[in-house]
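Down below is the structure, laid out as structure tokens.
In this document, chain identifiers A, B, C, D, E, F, G and H correspond to the written order of the chains, with residue numbering beginning at 1 in each.
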Amino acid sequence: MLLEKGDKLIFIGDSVTDCDRAKPEGEGLFQALGNGYVSIVDSFLQSTYPELGVRVVNKGISGNTVRDLKARWQEDIMSQEADWVSIMIGINDVWRQFDSPNIKEHHVYIEEYEETLRSLVKETQAVAKQIVLMTPFYIEQNASDLMRAKMDEYGAIVKKISEEEGTIFIDTQDAFLEVLDDLYAAALAWDRVHPNQTGHTILAKSFLNTIGFDWTKM
Amino acid sequence: MLLEKGDKLIFIGDSVTDCDRAKPEGEGLFQALGNGYVSIVDSFLQSTYPELGVRVVNKGISGNTVRDLKARWQEDIMSQEADWVSIMIGINDVWRQFDSPNIKEHHVYIEEYEETLRSLVKETQAVAKQIVLMTPFYIEQNASDLMRAKMDEYGAIVKKISEEEGTIFIDTQDAFLEVLDDLYAAALAWDRVHPNQTGHTILAKSFLNTIGFDWTKM
Amino acid sequence: MLLEKGDKLIFIGDSVTDCDRAKPEGEGLFQALGNGYVSIVDSFLQSTYPELGVRVVNKGISGNTVRDLKARWQEDIMSQEADWVSIMIGINDVWRQFDSPNIKEHHVYIEEYEETLRSLVKETQAVAKQIVLMTPFYIEQNASDLMRAKMDEYGAIVKKISEEEGTIFIDTQDAFLEVLDDLYAAALAWDRVHPNQTGHTILAKSFLNTIGFDWTKM
Amino acid sequence: MLLEKGDKLIFIGDSVTDCDRAKPEGEGLFQALGNGYVSIVDSFLQSTYPELGVRVVNKGISGNTVRDLKARWQEDIMSQEADWVSIMIGINDVWRQFDSPNIKEHHVYIEEYEETLRSLVKETQAVAKQIVLMTPFYIEQNASDLMRAKMDEYGAIVKKISEEEGTIFIDTQDAFLEVLDDLYAAALAWDRVHPNQTGHTILAKSFLNTIGFDWTKM
Amino acid sequence: MLLEKGDKLIFIGDSVTDCDRAKPEGEGLFQALGNGYVSIVDSFLQSTYPELGVRVVNKGISGNTVRDLKARWQEDIMSQEADWVSIMIGINDVWRQFDSPNIKEHHVYIEEYEETLRSLVKETQAVAKQIVLMTPFYIEQNASDLMRAKMDEYGAIVKKISEEEGTIFIDTQDAFLEVLDDLYAAALAWDRVHPNQTGHTILAKSFLNTIGFDWTKM
Amino acid sequence: MLLEKGDKLIFIGDSVTDCDRAKPEGEGLFQALGNGYVSIVDSFLQSTYPELGVRVVNKGISGNTVRDLKARWQEDIMSQEADWVSIMIGINDVWRQFDSPNIKEHHVYIEEYEETLRSLVKETQAVAKQIVLMTPFYIEQNASDLMRAKMDEYGAIVKKISEEEGTIFIDTQDAFLEVLDDLYAAALAWDRVHPNQTGHTILAKSFLNTIGFDWTKM
Amino acid sequence: MLLEKGDKLIFIGDSVTDCDRAKPEGEGLFQALGNGYVSIVDSFLQSTYPELGVRVVNKGISGNTVRDLKARWQEDIMSQEADWVSIMIGINDVWRQFDSPNIKEHHVYIEEYEETLRSLVKETQAVAKQIVLMTPFYIEQNASDLMRAKMDEYGAIVKKISEEEGTIFIDTQDAFLEVLDDLYAAALAWDRVHPNQTGHTILAKSFLNTIGFDWTKM
Amino acid sequence: MLLEKGDKLIFIGDSVTDCDRAKPEGEGLFQALGNGYVSIVDSFLQSTYPELGVRVVNKGISGNTVRDLKARWQEDIMSQEADWVSIMIGINDVWRQFDSPNIKEHHVYIEEYEETLRSLVKETQAVAKQIVLMTPFYIEQNASDLMRAKMDEYGAIVKKISEEEGTIFIDTQDAFLEVLDDLYAAALAWDRVHPNQTGHTILAKSFLNTIGFDWTKM
């Protein structure tokens, strides 16, 4: 188990992370962490490792691209004294190229994506002891689907940055693909992007498995 | 893993089971299973055993006592062709004796509780292949607290019926007590009854562990 | 132009037809026809052929399958003295098999679909002078996508019934596919089912073109 | 077809243009263009010429007169890098003279109207390659009706400016009059100003016909 | 002053009478009479003739035609023990012919109108001592406007019935026309049907003048 | 009739004047004048003297005392170019002394009342050609009631200022007293302060009679 | 202290009793007793005599007269197994005569009031061991006020019945009058009928004092 | 009775004091004092000592700790010209340590609590003639419960400061404990913190008894 006593773990990202979290502070009582994978991760940490007192914070904001993260990085990450920062970004960077092809200023192309994400990771390494990079995903089994293929490219960038910068890496696309052998995409998300509880559980399990969560501990 | 391909598993109980489920049918898309332990159990089953196609249904109704369950048992259980029925009832049977001591017709005392629950179990054995009995609970560490002590008596009845009738048994009170060594009750439920996500995760883990869920399966 | 002076044209179907129409009567002032293809068809008919006085009625209900249509056919079609009946049904018949695979009583398999739709068409021929059969659709370019492939099978049934019963036929799947060469599916419908205004316009154009609407008439 | 690949087309005007568009940005997903003629124009462009990728923006604001347009012209038009600007203004300039005769500062008389509209057109010619001037209208068949007569005067000003400045011109009053031979005004708009879907379709058809839209292209 | 001590005066009609009155009983405290001419008549009667104790009741229902009045005449008039009954009906009978020309079952043509209204008047004479017939109106100055001309025909029927049956008669169309010399129709009602407070005051003044209200009494 | 063509008449006061008027501008369409005596005055002026084009504005604000009027006098009166200003203030100045006896900073005692009201009148005489002073009132028949007696003192101040400054004067208390011989206070206002429509009509009649309104003019 | 261990005490009456109580059952958690004197009585009983376990129920319904009580007496009193019944009725019986003088069927005159109330009391004596009769009241100091005088007559009837039938009697009018020496009526109730918290406390104190509540017991 | 004629008494604290009071000013009509012990204290003062004209103000704000009080002390207490200040604070200071153990910046530990509260008391002594210190409480009978034990420590600090600074002291914990012999905690507050009306009455009685309220005065 990589998390240590008293660690503060911040999740940042888009609507998949946000999931109707409390604002401005995504932490505390009354379902403040939202109802997605962040809340599932937190509740398994608290119920299984209550003695660690890990502090989980949700800084997701719906609709965000990596460009939006950059704009709020100083306030939402650098000044927060986090021990861990987990980043999952890129879905909107890609999606807008496909659902709003004419509004080009809403697109974040791959060069900007890579450069921005890398700079955020480098900046964060100065203040956090662990960074987790989760790929963006598209819950679509067909690898030659245009948007799936594009999302895979962005995912590959995440993997590359993770390897070069030495962060923890989670391939969320792979996690979904395993389940898609048995369940059609629409059973996880009508729009292939916003997962239902089963989809969020897939994300949470990937996260917990990656950080060495001991499922047999009670 | 005790659940088999195509099994239909119904959860029935009070507000802890209900958790704002869809009505009249607590099954299907759009978070119809509510946001409590039933939904967590379902999402772990679907994400880990998608090939089983287990069908989870939530029949919890807030405020119910075992007397209320009896009144709707024919419609909500007997006619549903369930393979599994999981019952967690008794919190309100006890709570009303303590928060509304003067309204005695709202109290369900232990004799009626035992007799009713046993008859429901017996009746159900004719139609379901597995019955799970979960004890009621009170998230209070002090065993000599009056309401905790009373709840323990009702829990003991559940255990007794389970042994006599040969059902699966889950001691939810025990599951909470383990965590209470590290977390004060108010961190799980302000009112010691309605758990937050961490509390519901404790319930879901107990259920899944009991039925042989393989956490390492991915 | 096949529509004649004073004709009454009823559209019936699922949420794509419904589109928030007025209930119980989907006809009249104040956007009673909803905001989908039915309203577009009506407004082009009224603005271009005001002298015909065609009367358009919307009988779509969200979530309906052909089984639901059968249950309300007597009241919503047979007793309405319609001259034309346009039917687009089947999306939910298929979708539930993919997004809710475990709830099998919500699935309408192809045999029931064919039999029911054919009987409705036959029944209607006794009272209406024209029947229009529109295929169900799935806004997905990949023909080997499982749900797309299944939807194509249902569409083929519609075509077969249309030919055998001599009704007007509209291949909505084809209409969408033409546009998908230039626009990714998510630009028409995030969930590939509920079209935005562009998608509804594709449906309306198909309908109007099929019935001989003269676009150059002003 | 006058629109070219990648053109950005802004519509500006009053409530007839606004039609409950998204604010502050009247562009993008979720019916952001409102539910009037702008949305109809857009959906026909996207469905018929998807390869052009024309970008449609709605800048209408309910209640606006030409005086209001002037106040926001710099921000809403000049700084937007539009290729096309379509202007329909004047209904409120006239209407207030008739429904609020005593509140004279809300009236925009014809001299101010002409001077302001011309200056806006001139200013815009420096930045846009095409300007469309649509007349204001009043859905009233009686040409000697006082408000209709006044609206016609304002429409004549629009035509004059269009000719003098070389813009595209659309006579919306004429478009409505053709239909009024068969439909009484109240069938298009109870208040003779805010059209229903049929009325908005009349406006959209006028616009599309004027810019060379090919209705037979599929 | 024709009203006598203790008289009960019921107004019945359509939305112009209704004006958001309380339902089911349009009488009593808290603006139960609605906010139209009925309330104005009542408040002038109570403030000027408080010693008479006249009881005013509003039985208007929005959208009603004379056919609707007939259906509820027994309950809403005959069983109410009214001394006076004031009827203003016909606007919707005519309007639907113009705004919904295709939905012919919503039209009430002039033969049915005359026959129904006359029979209601005759029936009422058996139980009430005074009947007031107010013409329907259309706030449009142009007498050759199609809907105005039609409304005048219905108004003429009202006058004829009034003369033949010996009721009090109020020409509301005339009352509006006098003001239209100075105010354009839109200053009284955007849709020419639902008056603003000035329009309702015109109706109330007509009523009060007709029944001999003494404006100088204080 | 004292009002002249084109006159602008502003009413200012407390909740009796306000009556849910539009804010910030209490003038124009859609019942912007509220539903009290101001609206009644306006609708009688517009319906009887449409040729005068009198402009009525409501500047009442609920809860105001004369101290509040002073604070907004510059903005709401002096800068408005009014021809007539009608002031009815003082009810809250008195009422707070009786319903909130302990919160003394909310009381406006008679010296401050007189001084402030006189200074507002003097200031206004420089810009308006007519000032109307309406007394505050308390709908209570018993002259020795403590609050009624106090209100009478404030009314006497209004009369004194009116005489000294040469304004038009309206004794609203007298107007109510005449009706109270026949109607108990609760039939006009449960709280003796906020009149129902009959009470507002009493105020409007007093105003119109005072300015020479000709009730027989049609 | 007259109340005995386990007694069930029902309050019945009009809006002063109702005070937004829960419906259909005015008993239990979550402020089900409303926010008036019933709740104050209950909270003093529970906090001072918790060992008695007195059960308080609120059966007040806004707007009720004694005629309404009669209609629901069987269901709301006779079948409830109450030990004590406290009745406060009559305000609306009187009030309607003053605020709605023309709607005579809403008036309950003194003969009907006396006869009905007496019959209810007699009927109740068969099932309850104690009956409390509270007078209706009108928070008005002036004894010659018409409505106050009428209310006093009704109060005298209550006293007479109480004496003749041997019930407990509470003169609520007297209780208010004592305070009115220091506080003007509007400080207790703007409409002289619906008391604020201070007014409800006056009622609760009268009740508790009458039944022998020991304020020094802690 | 320690309160004197015209005294102004401010209550300040957390949600137990706040109880949905009006904001920004917690004083005046329309239940502005909220629905907790402050309102009960006020209504007993006004109904029993109306001649004193004591002015009660509620400055409670939900969620406040003593740290929050410090931040608003200047504005909410020092500048208010209070004669009496009653302070009940500390519940959240303790509770956050138990329900949110990981968010340590929300905890107010005992040293900061003591220092801050003492400085506020000292500061206030310069402006108020009486200070009342009410202990925080936890409605839990078990003295060895962790949170109850901690709350007792904070209560002891309050007592110490009270003795050292010479203020009036109220032990609210003791007041609740007396009732807990007969009523289980959940009958007063499900969460042991937010009392129902019975619990608030216990607080109000403690306050009134402490300041010499004469319950027999009527």
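Points worth noting:
Note that in this section a contact is a pair of C-beta atoms (placed from the backbone, for glycine too) under 8 Å apart; a residue touches a chain by one contact, two chains touch by 3 or more.
Just so we're clear, the structure is a prediction, and the values are computed from it rather than from any experiment.
More than half of the contact pairs of B-G, counted by residue number, reappear in one of F-H, A-B or C-D; that pair is F-H.
Averaging C-alpha coordinates per chain places the centre of subunit B 64 Å away from that of subunit E.
Centre-to-centre separation of subunit A and subunit E, using mean CA positions: 66 Å. Between subunit C and subunit E the centroid-to-centroid distance comes to 45 Å (mean Cα coordinates, whole Å). Distance between subunit F and subunit G, defined via averaged C-alpha coordinates, is recorded as 40 Å. Residue positions of subunit E touching 2 or more other chains: 29, 99-101, 183, 187, 190. Looking at which chains touch one another, you get A-B, A-C, A-D, A-H, B-C, B-G, B-H, C-D, C-E, D-E, D-F, E-F, E-G, F-G, F-H, G-H.
Of all residues in subunit D, only 99-103, 106 touch subunit F in the complex they form. Remark: subunit A residues 95, 98-101, 142, 144-147, 183-184, 186-187, 190-191, 193 touch subunit C in the complex. Residues 29, 31, 33, 35, 39-40, 42-44, 46-48, 50-51, 178-179, 181-183, 187, 190, 196-202, 205, 209, 215-216, 218 of subunit A touch subunit B in their complex. Listed in rising order, the residues of subunit A touching subunit H in the complex are 6, 27-29, 53-55.
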